[in-house]
Amino acid sequence: MAPSFVIQKEPLYHPQGQELALYKAAYAARLPVMVKGPTGCGKSRFIEHMAWSLGKPLITVACNEDMTASDLVGRYLLDSKGTQWVDGPLTQAARIGAICYLDEVVEARQDTTVVIHALTDHRRTLPIDKKNEIVQAHPDFQLVISYNPGYQSLMKDLKQSTKQRFVAFDFDYPNASLEAQILKHETGIDDSYASQLVQIAAMARNLKGHGLTEGVSTRLLVYAATLIQNGVSAKEACKMAMVRPITDDQDVRESLHHAIDSVFP
Amino acid sequence: MAPSFVIQKEPLYHPQGQELALYKAAYAARLPVMVKGPTGCGKSRFIEHMAWSLGKPLITVACNEDMTASDLVGRYLLDSKGTQWVDGPLTQAARIGAICYLDEVVEARQDTTVVIHALTDHRRTLPIDKKNEIVQAHPDFQLVISYNPGYQSLMKDLKQSTKQRFVAFDFDYPNASLEAQILKHETGIDDSYASQLVQIAAMARNLKGHGLTEGVSTRLLVYAATLIQNGVSAKEACKMAMVRPITDDQDVRESLHHAIDSVFP
Amino acid sequence: MAPSFVIQKEPLYHPQGQELALYKAAYAARLPVMVKGPTGCGKSRFIEHMAWSLGKPLITVACNEDMTASDLVGRYLLDSKGTQWVDGPLTQAARIGAICYLDEVVEARQDTTVVIHALTDHRRTLPIDKKNEIVQAHPDFQLVISYNPGYQSLMKDLKQSTKQRFVAFDFDYPNASLEAQILKHETGIDDSYASQLVQIAAMARNLKGHGLTEGVSTRLLVYAATLIQNGVSAKEACKMAMVRPITDDQDVRESLHHAIDSVFP
Amino acid sequence: MAPSFVIQKEPLYHPQGQELALYKAAYAARLPVMVKGPTGCGKSRFIEHMAWSLGKPLITVACNEDMTASDLVGRYLLDSKGTQWVDGPLTQAARIGAICYLDEVVEARQDTTVVIHALTDHRRTLPIDKKNEIVQAHPDFQLVISYNPGYQSLMKDLKQSTKQRFVAFDFDYPNASLEAQILKHETGIDDSYASQLVQIAAMARNLKGHGLTEGVSTRLLVYAATLIQNGVSAKEACKMAMVRPITDDQDVRESLHHAIDSVFP
Amino acid sequence: MAPSFVIQKEPLYHPQGQELALYKAAYAARLPVMVKGPTGCGKSRFIEHMAWSLGKPLITVACNEDMTASDLVGRYLLDSKGTQWVDGPLTQAARIGAICYLDEVVEARQDTTVVIHALTDHRRTLPIDKKNEIVQAHPDFQLVISYNPGYQSLMKDLKQSTKQRFVAFDFDYPNASLEAQILKHETGIDDSYASQLVQIAAMARNLKGHGLTEGVSTRLLVYAATLIQNGVSAKEACKMAMVRPITDDQDVRESLHHAIDSVFP
Amino acid sequence: MAPSFVIQKEPLYHPQGQELALYKAAYAARLPVMVKGPTGCGKSRFIEHMAWSLGKPLITVACNEDMTASDLVGRYLLDSKGTQWVDGPLTQAARIGAICYLDEVVEARQDTTVVIHALTDHRRTLPIDKKNEIVQAHPDFQLVISYNPGYQSLMKDLKQSTKQRFVAFDFDYPNASLEAQILKHETGIDDSYASQLVQIAAMARNLKGHGLTEGVSTRLLVYAATLIQNGVSAKEACKMAMVRPITDDQDVRESLHHAIDSVFP
């Protein structure tokens, strides 16, 4: 499937506050955007929703430790006529006027963050040194990065000279009633199960910093609800989706089991 | 032999609990699955059995420290007509609708784990940046990973943003009567030898954390039984299969020898 | 767009002191120049302005950890007729008589700094070992590097044998009235907002060393003003542009919020 | 010389116990074998002898720190018609039904050990990811690895998930009378020299852990005997072969010299 | 410009002692030479002067951390007729009988220093393993290396087996009257400015070890004089050339400013 | 110059003891040889002399940190007809029956030492895994390695499994009268200078372990004598050749200067 990058169908998104309007203001000035928040709280969905809502193509890149600037900008490939340049996703986004979303950008090697500097100041250009070409970004182009503050360490953090190129949005898990509504909407589960699962999640999230490095994401609640809808018992579904994947510590598991038992006695 | 990936013959598997039904529920919703447990307790066999039982092709990848995202996704190879793309095992599984089983996924470099993110959320896509292609996973595709909690260290662990994409199954060694039955079934050894070997294994497993980093796997019991069936004395077979391979510590070896002597006096 | 490197339009630049005349004196003798200062204080704009004002082409290279000497000097690329040499940006600048600006040069690997040695002494040559060629720099060629003293550590610093090849300019944030003028000029914001934002910046900059590794750059003030011009409330704009991007520390955020509240009650 | 891998001439081997029969039992079930023991005690000779005695081809690979999975499995080589696959020694052994002997396997990088997993369980397959091929091992194929317990450190050890795939043999230096017989048989030296050299070796081996990391191997005794047979004095031969190669510590050398002087006064 | 390597114009050089005669004696016997001394004291100029004075070609290589033996010896390059060997600068020097000057040789990787061993003993050969060729050095060939004792650390030093292949010259900054003469000669500055700048340099050099890792080089004095000649005030010129490039420490800067104020009140 | 490897002219060598006869005995049995000793004591000359004296070709390889097994064994090179195998120096030596001398073998990466294992036991073979070829060594082939005990550290040492494959020779600086004779023979210097230089060397060698990591090699004495023969004063020659190259420590230099002054007052 050759990617068109334009999102056809409205992505499910449940706003938590003013973020839709604020993002539109930032996009109107093409300010680079940073979305911050824990795992699975809906950052990627939000960006997909905004791209759909603005009618702009979206190019998403999952960053990783071994990603180099070339993976973003492009590289020469060898074919029968010699070497031929192939644009990377960032270059492509700059040319066609897409929103380019670099997911978990801190994971990438430092050269990838330097490469975005000229795209995120008054120049709005992407220098491709290897081609001796300077790409002037399309007027619709915008850069978005995501950032999980819970992960940053002294060793792995964005440099201030990178951070100070973005306006930022804070994200968190949805509140209880919104989260229950999401579960019902996405899995068809009934009211009582939905609010019970959300109760357990609240208890699990209180363990963050007390044995858990992250709380339980909405995604795992959706998994538990899905298993229940597929005939798994509520207790077993919670263990499979909300306990075993996230910890092997027996004490923390006990605490989570108690939480489950208290809700599904 | 060109691989067909469909398992023709029912793999031997002795269920320890409800895992067959629970896996089917997870597969019905195509939830990504993580199987956890110690070395040689039957995790790989379980997945083979489920693939056979569901009639789906299975693509297994043994992960290792030097494995990169390209090893999973694919790469360009040079031939007489220039470079040509060759799908990696993960891409192939996504295209044909196989169950893709990444064995010991923590061993792989971090970029390999990021590559599975879009395959394990609502998108079910695999972006191949180097080809500017986005593969939409086949409806039958499912991702399974294995994970040995005994090995994880601070340095080498899955990130929460990866863990929270899976439902998980816990595995352990089979109980005594089931394990004896497995020995008899796989090697043809008689009842009394089978239960004696299982007794020794129980004693050896109690040494875990007291000199042994892992207990004795069922596989090693099968080896010991096999050697006995090939004419080796029980004592010598136990030493060859259940002592020497797993430790060079003289004290631990003494303890294991005592265990063997107490069962085969 | 093939780069011409000559800047057509006067870049916005608001002098802070004598730097225009001093730079011209340094350029008259083609002395290599080092510009020092914090993130976003206008170093790059200054060099762009000087290149425009002197009517010389400017070639900018954003340095990074993975940049090697070959990225600056050039490399052989394979095409249908075999390998072919392609000049890197430094070589190109030396040939055409451009000002070559190596932004954040300390980030680059050490071999990149050695490569500039012969260009920055009486020889004014660039040896291209791989071609057995020695490029004699064009009479108009000048080398400029930037350097952020706040970042340097024991591990990453220029060697004295490199430092002692440059004359240096110190930069800092503009003073309050100049900064307010910049905000008005660049975003069209009114006087009172401009001076209020500058007040907040002053308070934020006092937190440097007390929880913040860098002060708030003029760029972030421009972002805040832009958001206000696009209809975002002043408080929200300040949080999006001047708080969330630069810190996740709750105490520092509190201090910044107090500063904002004191100015926009 | 194109290798045939079948050993034509009976390799010299002097059994120390039941190892011939036990190996045959392990081979009958094609169980993977691990041979453990100090440097130069005859591990490699034993495997050569068994391969000869069983009439199976033997492919030996000396493992090292820089060896990767590709060195074992195979790789694509570029020739005039594009890339062409060339089997590595492990693949070749699996195809032709050889005994594949990985000497000092702990030296190899971890990816090489993961590659042998599927060959050492019920699957007996070698997945060649880069070719999308699964090699089903020939019925005669067997994997053997060697392992020197004296070398293992926390940093470099086989994982339990690898160890628990093998049955193991322990080796040590031959006893005095057998070792003297070996010296006579291999060098033609007379009885009295042979037993004198073995006496010195016994004293040197007692220094293990007291300044020597390993004892003196049988091979070095053979060297000393060979030098004596070539006209070197017994004292000088012992110094050349049994002292200088193994230590530079003056105290340990003194102890070894005393041992030599006591036997050759 | 294809390099001829023969220096056409006498390079400016102001002898500090007997070094001209001593170098000629060393060259007469083609002894390898090591020149030691701080940054910017004239080591490179001295070698250029000697090459000019002896009428021999000079090939200079700026060594760096990423330089490998291949960068010195040569490598195969791919062109339309396959791979073709291209001599590196050391090989070229050995063939044509040039003086080969390896500047800051300690920066290079160790394999580059081993490569010069056979060129610096009685063999005077350069083995090119990759070509199976042994280059016998031209009778005029000589090897010269530079070495900055102030930089050496335990981690980065020449091995004794390398050091003991050279005769060595010690260099230091020129004495006051010679340095003033150099300033006048190179920039045309008048007597009083010249001696004032030299006075400041003397004070700055006393700070070495007390906050400065190196003293102020003659080159920086030349820069300051040049700026003065281009109309910059003496104080500003000293700050630009002799303070800001070499330190960001406020205390050290204060000390340097006092020195400047005491000379230019 | 295509290398013939046979040494035409008798290399200067002054025996220190029985080493000529002992080496011949080792060569007669083709025992692998290790020569141990400090820098510049004549190890390489000894091997050259033996190769000349035995009439065998000699292939010398200067080992270094970046040398891999491929540098010794050979590699595929790409030419117009595809890839073509080129033997490395070790393979070439094994084929033509040369003495292969690996100088400073400890410097090489571990894979290079493993590669010599099969060449140094009863097999006398060199497996070339990449070609699937096993080279049976020519009957005249012998392997020689050099080893400087002063350099070895915990990090960099030969493994016992490598050491125990060699017989060893110890070397040291020649005694005073022999060393004086060498100086006279190699430089034509007169008796009194020769014995004076040897006196100084003796004093310098006593500083080993007291500020000097190595003593002064015979080579440096030859350099000093050469400079004197070229008209340099004895004091200056000693400083250039025997002080400055080996230390920058002022105290140690003082001690060496006193030694020189006491001999050349």
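We just call them A, B, C, D, E and F in the order they show up, numbering each chain from 1.
Following the convention adopted for this analysis, a contact is a pair of C-beta atoms (placed from the backbone, for glycine too) under 8 Å apart; a residue touches a chain by one contact, two chains touch by 3 or more.
All figures in this text were calculated on a predicted structure; none of them were measured in a lab.
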Seminar exercise, completed: Shared touching partners of chain B and chain E are none
Seminar exercise, completed: Overlap of the chain D and chain F neighbour lists contains none
Problem set entry | Graph distance between chain A and chain F, where chains that touch are linked | 3
For this session: On C-alpha atoms only, rotate chain A onto chain B and read off the angle in steps of 5 degrees.
Result: 60
Problem set entry | Chain copies touching (chain B, chain D) - same or different residues, decided at half shared | different
Exercise. Taking each chain's centre as its mean C-alpha position, how far apart are chain C and chain D in Å?
Worked result: 60
Exercise. If you average the Cα atoms of chain B and of chain C to get two centres, how far apart are those centres in Å?
Worked result: 52
For this session: Please set out, as single numbers or ranges, the residues of chain D touching at least two other chains.
Result: 78, 81
For this session: Quick one: label the inter-chain contact graph as line, ring, star, complete or other.
Result: ring
Exercise. Round the ring, starting at chain A and heading to chain C first, what is the chain order?
Worked result: A, C, E, F, D, B
For this session: Show which residues of chain C lie in contact with chain E when the two form their complex.
Result: 18, 22, 25-26, 28-29, 31, 34, 36, 68-69, 76, 78, 80-83, 109-111, 113-115, 117-118, 121-122, 127, 129-130, 132-136, 149, 152, 159-161, 163-170
Exercise. Taking the complex as given, what residues does chain A use to touch chain B?
Worked result: 1-3, 12, 39-40, 44-45, 60-67, 71, 77-81, 86-89, 92, 103-104, 107, 148, 151, 213-214, 216-217, 219-220, 223, 226-227, 229-232, 236, 240-241, 244-246, 248
